[in-house]
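Shared between the two complexes below is chain A, which pairs with chain B and chain C, respectively.
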Partner chain A sequence: MEEDQDKILEEAVSIVKKEAFQMQRALDASDMREALKNASSMISEMKTSSMSPKTYYQLYMTVFDQMSRLENYFLEEYRRGRKISDLYEKVQHASSILPRLYLLVAVGSVYITTRELPAKAILKDLIEMVKGIQHPMRGLFLRYYLNKVCKEKLPDKGSEYDTDGEGTNDSVDFLLTNLSEMNRLWVRMQHTGTVKDKTKREKERNDLRVTVGENIVRLSSLQGLTLELYISTVLPKILEIITSSKDSISQQYLIDCIIQAFPDAYHLHTLEPFLETLPQLQPTVDIKSILVNLLTRLADYAGEGDLDIVKSIDIFGLIKKAVDGIITEQAGGTETKALLQLQVAFIRLSLKCYPLNTQYVNEILNSSVIIVDKANSSGNLDGESLKLIVKLLSFPLETMSLAILTMNNYPKLMGYLQFSSRKQVAFKIVEAVVISKRTLDSVDTVEQLLHFIVPLLVDGNDSEPSEAYEFEGEQQNVAKLVHLVIANTPEAFLSIFHKFFTIFSKGGHSRIIYTYPSLLFAYLKFLKLLDDQEVEIDLMETLKTIHDILTTIAQISPDNAIKLGLQCVLCINSFKTNSNYGQAAAEFIKQIISLYQEELADTNSKFTTVNLLCGAASRIHCIDSGTHEEIINVILQFASRQLKKSDQCYSIAYCTHLFYNENFHEREKVAGCLNKAAGIARICSKNPRNVGLFVTLLNKFIYFYIQAPGSVDSDLINGITEFINGQINGEFDQDAKVQVSEARVYMKNTVRFIKSRQSEGRLKEIIA
Partner chain B sequence: MSQFGELVLLIGDLHIPQRSVDLPDKFKELLVPGKVQHILCTGNVGNREHSDWLKSLAANVHFARGDFDEGISLPEQKLITIGDWKIGLIHGHQVIPWGDKEALSNIQRMMDCDLLVSGHTHNSSVESYDGKHFVNPGSATGAYSPLTSDVKPSFFIVALQGRDATTFLYELVDGNVSVVKGTLSKSS
Partner chain C sequence: MFGAKGEISLELEGLEQRKKLPFKDISGKENILPVFSKDEDIVGKVNVVLKKGKKLEHQGIKIELYGRIDITYEKNQTSDFISLSRELEPPGAITQNISIPFSFNKVEKSYETYTGRYCKLRYFIKVTMARKVSSNMVKEIEFAVLNCQTEVEENSAIKMEVGIEECLHIEFEYNRQKYHLKDCIVGKVYFLLVRIRIKYMELAIIRRETIGAGAQATNENETIAKYEVMDGAPVRGENIPIRMFLGAFELTPTYYNVNNKFSVRHFLNLVLVDEEDRRYFKQQEIILWRKEL
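So, the complex of A and B:
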């Protein structure tokens, strides 16, 4: 078949070219009569019935090119003085109707340019004459030719052919008539031929659709087409043409043309008549995809422009009526996915036009629940549909975040999802809330929120484990939620925190490691807030909860519990209003101490912890002196029992600050510590790498010599200096080189420091 | 860019999500890739995502270990040389008393740096002492610290040109970004 078409085309085209050549020769010789004869023969090739639309189109294009030459010649003839009306009459003598009409249209288009007659009159005649071809394919191409050559010659507003100001209306008439006739021809193709050729015929019809659609494209490009004209004349007439044809291929295509060709603003204004047409279409027309197309375009349009129209037309109501009609008819059947796609397009539009209207969204979710429920009962809920449900639940989050908590259909719809999708939606909810930085100010809101995101918070019946990276990201986002809490009263704060605490505690160790620390700091910030605002209330309950949090964390990570515990102690220590919680602070420190003794095994861990203990404990003033002394001595013991000698030395040096700081001034204990440290350093000094230890100690000695006069003897300092100088000069092994050179630099800077103080008249007894 | 010299961002103590939700939006608008050549982070970022974010902002990014940084091995202290300047980076929880001028001065002597960058207190400051300079970028998120009342989100950008440096302290005050300029010189 294919080869046949190629052969047929080749033959026809060769004749066309031959006749065209002859025609051109005749024109060159100014032999109009001969030229017209050749033209006729050329056009006659288009009388064929053996070509498919695709092939015929190629033939048409070849002839079309030649016709352009002829048109130019006609125009030149006119300029040379030939009467155009004569020519118009002459071409009608062609023997065969098809060439006759093509030539007539060609002359007619030139006739319009001469302006001898109004364009309206000529067009009227032409549109009448072309009725002569009733064969569908040939008729469509002839009328397509008519559209093409008259393209710039329609008496549109502002064009030179609009003589009486009514030009646009005339053009509209012309195009609508052509559309109506072409549609008729096109539909007729459906019913010619045998039944078994139906597929072939429909394909051929499909290939020809652009010729019919051209009329709508022309209509939409008319300069003079106003919204009023569209509403009053153009749309109603096109819709009438569409519905009266009762042909689903035509209806599907032409409705789509309307949506594509005319401005989205026009569609918003004509929603009602448009939507009312849809139920009148043939049952085989896919109305859902038409609506999805329209709603998607309108949503994109609404996203950019201003929306005054939204106030004057009930867009939501109109669409809801149309959509609900479809749902009532089709829910529970095989169209679940398409119905949900429609809902997705609808919800997008609603969110764009009415960004804050939660009721509308809830209504769309309500009808979605109906679709999903029926699909579920009849076993038609597949993976694709579930993905669409996730979309429906995700879109509102962008503009509404927490407002979704007021929508009763939201959790209902979520309930149909499998665990991983529920978790996905829950994660999007958390993300939306965190990004919007919405304050969580009421217990009810928080309770609702936690209910919605429960798949993230606890393991359920159908849980699946997440990949580690993903899980960490999820839990960290959940942890952020507690920092959004800002309530009006302390009681409200505590109730909200308690909600979080309750649900977090059910999350298991894998979640607690992320969620508890954040909750703890939320509590600490809250306590500080109370203190700043001079609110005196009983904090024991809260401190007990914090204690429990730490105990749980200690089971998972003693290190972490110690660090967090120190933060709690320092927080209590900072209170000015609620200043009698020293006992509680002491409890926390005791908890920390026992964790150190029982749980820490790692040498490095112990070293860094002693350092932290010294840093924190040196600031504490809120504990009674007896307990305070006990604690300091324990820390000193920890320092002395470090595994590595050098660690012992450093740690004991840190301990000096426990005895001498803003709150305590025990000079003798300072000296004791420093001497002890020096003793250990001497033992270490056998290893040349440890010379830096001495320089560190020297600086500590000088620090206290200045800060706490009387605590350190200058002889001691000079002794150390001498010792260091003896150690750091001279040759050393390769492996100690780095440490020694670092120590030298440190020493040099220390000496410079001493000398600069001496130039101010201090440190007189020190030898640098 | 060359007219300003080398630009260095000093930032740290984000504590996300343990103590904060995020940096202020106005800070995020300012901190985009390509603005600075170097980043010195005092530590305690709090999560992988934000560490990665910092690494995406410049070619040279350095971290020090904060007391709450775990599971990753970071240096206790680091010396970075940029042009004529030797810059020391340390979180600061190791330096006792916390935030003490003399104690930090001691660290400066040990590291032999012209400028020492430390954090931990969440209290932003720039000070010169004994001809050396000390900068604390504070907390970029305004995170809670029991050591400082009323923490304001802050960070520093330092422009190094030869032996001179200009410091810009960015702070979020009442919802707006305030910038305070200062100048430092490397002593001979």
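So, the complex of A and C:
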């Protein structure tokens, strides 16, 4: 088949070239008569019916090139004095119609150039005469040629051929007539030949469609095509041409041509007639994809600015009506995906045109719910559709952020998604809230939000585990939400927190480990804020909740619970307004101690924890002294019972602060601790790795030598210094190299400190 | 025979200024002929040129004007509707070169020079020098007569609706019934019903020569022009324009009853050809006339 076409083309082209050569010779010899004869023979090759549109197009292009030479010659002849009207008649003497009309168009275009007659008159004659070709393909190409050669010669506004100021109308008439006629020819192709050739024929028709669409392109590029002219004449006429053809291929293509060719502002102004046309198209026309194209373009246009027009035209209402019509007709059928694509385009447009109108978005979501519900019950909800639902949910979120929380249809639509998609949307919501740093200021909003993001918060029937890294990201973002809470009253604050607490508590340990600490800190931050603002409030309920939080964390991670618990204690301790919660603090700390005793087994964590405990306990003042003393003794006990001697030494050294701080100044006990630590250190002194321990100890000694005079003896300090210097400057094992060099740096800094004090006349007894 | 003693020739006056046009003779060969109108005088002269020192005796010189019709249908038949003879010289002898003027004045030449398929009408002048012993010296020259007509006022359009039931129904229109030879036929064909697969449509001009008159008359048709006006198959409602320049063809005016010998009439034939090459046609007579030379 293809080869046949090649052969036919080759033969035709060789004849065209031969005749073109003869024609050129005749033109060179100024033999017009002979040249026209050759031209006729050349054009006659296009009388063929055996070519496919693509092959014919190639032939047409070959002839087209030659025709332009002829046109040039006609113009030269005119300049040499030949009457163009004679030539116009002369070419009509050809008895064969196809060559005659091609030649007529060629002379006609030159005729316009000469301006001996108004362009309008010539165009009118040409457009009338070309009716003689009723064969679809030959007619389409002849008219395409007409369009091409007259392209620059239409009496458009501002054109030299516009003699009476009415030229644009004439050009419009010309192009509309040509469009109408070409469409008729094109549509007619569908009804020729046998039924079994239908596929081939439709392919051929598609190959030819640009020849028809060219008219719309030309119309759109007319300078004089004002909005007014478009509304009053051009669009109604094109729509009439389209609807009256009753041919789906044509309608599908030409409607799309309108969308692509004319300015978007024109589309907005003609939305109503345009949309009203769509239901009149053939049932097989895919109106949805047409609408998607239109809405996408309008959305892009709206995105570029100038939205004044939005105020004067009910864009949403008009489109809604059109879209709903389609939904009513097609929902539940096989077109779910396409319907949702349409909804996506619509929602995008609505968001661009009405970025603040949540009602509109909710309405679109509502009709989406209808589509999805029907599709779901008829089993037509495929994966692609689900992806589109995610889009429908994502777009409003990106634009409107938390305003989506007012849309009741949002979670309804979400409900149709499978777990992973639901979770994906939920995550996007959380992410959007976190990134926008929007404050969460009402119980209702939070309740809605939590409702929306429930897939992230608790396991449902269809839950699937996330990848660890994903899960972490999800929960970290969820955890951040609580820090966005801001409310007008403490009660509101607390009830919002409580919402979070209630839902977090259902999340299971894997989530709680992320969400509870965050919530705990949010609580503490809030309580501190209240206290700073001198708001007196009963904290018992809140502290109970905090306690519950800690208890739960303790089950999962005692270490964490201890750290967090200490934070709570310090927070309570810092209250100035609500200062009577020492008992609660004591209770917290007691529980922490029992956690230490019962849950901690690891040497390292015991060491770390005891130091933390020590640090916290040294700052506490809100607890009654008896309890406080008990606590201190327990901590001291913990310190002395560290497994490693060096750890014991460190911890005991730290414990000095328990006795000498803002609230206590017990020098003897400080001295006791230091001595005990020094005693243990001595046991450790054989291991050069422990040299750092001595430097630490030295610092503690110096600290208290300055802070609590009398608690430390300077000889002891000098003794330690001497020992250290001996260690770090002497021989040592290669194994201890790291520890020794660290100790050197530490020691160097310590010496520098001592010397700086000595330069101020202090620490004279200390040898550095 | 013994060699001619001289030559006789014939010439018409004022040929330099006169319009000359090509005319085909019956064999198709083109001759350029001077053109006269019906009441113009035919003026010229006969020249006798002697060979040096010779004398030419003759039985008289006469000049004749003929308007002749040749019909070559079935059997050849010649008739003269003009046959005029003038004595130019009485019998005698010519001793020196002479030039004898002649003139046919006020001879009405109402018929036009015409060469058709079977009928031919021509004008010629013939000079004859009668000889006693030798054969007569004869010379003929042909000239053409073309008569311009004035435009007739009454000239209505031709409109017609024709069709074959359930198959094809068209309405056509030609702007006039009478066209001059350089005229343009403008019209249109409107398709009311199309149930056949039309391949193309053409307009033909048929020339009908009617030989004889009255009951014995026979008609002979000849298509002398074909002009394609539509390519492809139209659908119902299609309106196809027609514009045919008659100047593209070699046509003669319509002649009615030329000296009771023949008539020439013209018909426009609208022909539709379908894909099986069946032809559907309708003929309409048009009157052709000569507006100018």
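Basically, the second predicted complex is superposed on the first by the 757 of 768 C-alpha atoms of A that agree within 3 Å, B and C clash if a C-alpha of one lies under 4 Å from a C-alpha of the other, contacts with A are read in each partner's own complex, and residues count from 1 in each chain.
Just so it is clear, a contact is a pair of C-beta atoms (placed from the backbone, for glycine too) under 8 Å apart; a residue touches a chain by one contact, two chains touch by 3 or more.
Quick caveat, the model's predicted, so the values are computed rather than measured.
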Chain B and chain C placed together on chain A: clash or fit? fit
Q) If you stack the two complexes on chain A, which partner ends up touching A:136: first (chain B), second (chain C), both, or neither? A) second
With the two structures laid over each other on chain A, which partner does A:47 touch: chain B (first), chain C (second), both, or neither? second
- Could you say whether A:479 touches chain B, chain C, both of them, or neither, answering first, second, both or neither? first
Touching A:96 in the superposition: chain B (first), chain C (second), both, neither? second
Pick one for A:218: touches chain B only (first), chain C only (second), both, or neither.
-> neither
In this superposition, the partner of chain A with more touched residues, chain B or chain C, is B
> Is A:188 contacted by the first partner chain B, the second partner chain C, both or neither?
Replying inline: second
Return first, second, both or neither, reflecting whether A:128 touches chain B, chain C, both chains, or no partner chain. second
For A:559, using the defined touch cut-off, is the partner it touches chain B, chain C, both, or neither? Pick first, second, both or neither. first
Distance floor for C-alpha atoms, chain B against chain C, superposed on A, in Å, equals 70
So the chain A residues that chain B and chain C both touch are none
Chain A residues touching chain C in their complex are 47, 89, 92-93, 95-98, 100, 128-129, 131-136, 138-139, 184, 188, 192
As the complex stands, chain B meets chain A at residues 15-22, 47-49, 67-68, 70, 93-94, 96-98, 102-103, 105-106, 108-110, 112, 130, 144, 146-147, 149
Interface with chain A, chain C side, in the complex: residues 198, 200, 225-235, 238-241, 243, 245, 247-248
Residue set of chain A touching chain B in the complex reads 434, 437, 472-473, 476-477, 479-480, 483-484, 514, 517-518, 521, 524-525, 528, 532, 559-560, 563, 567, 570-571, 573-574, 608, 611-612, 614-615, 618-619, 654, 657, 661, 695-696, 699, 703, 706-707, 742, 745-746, 749-750, 753, 756
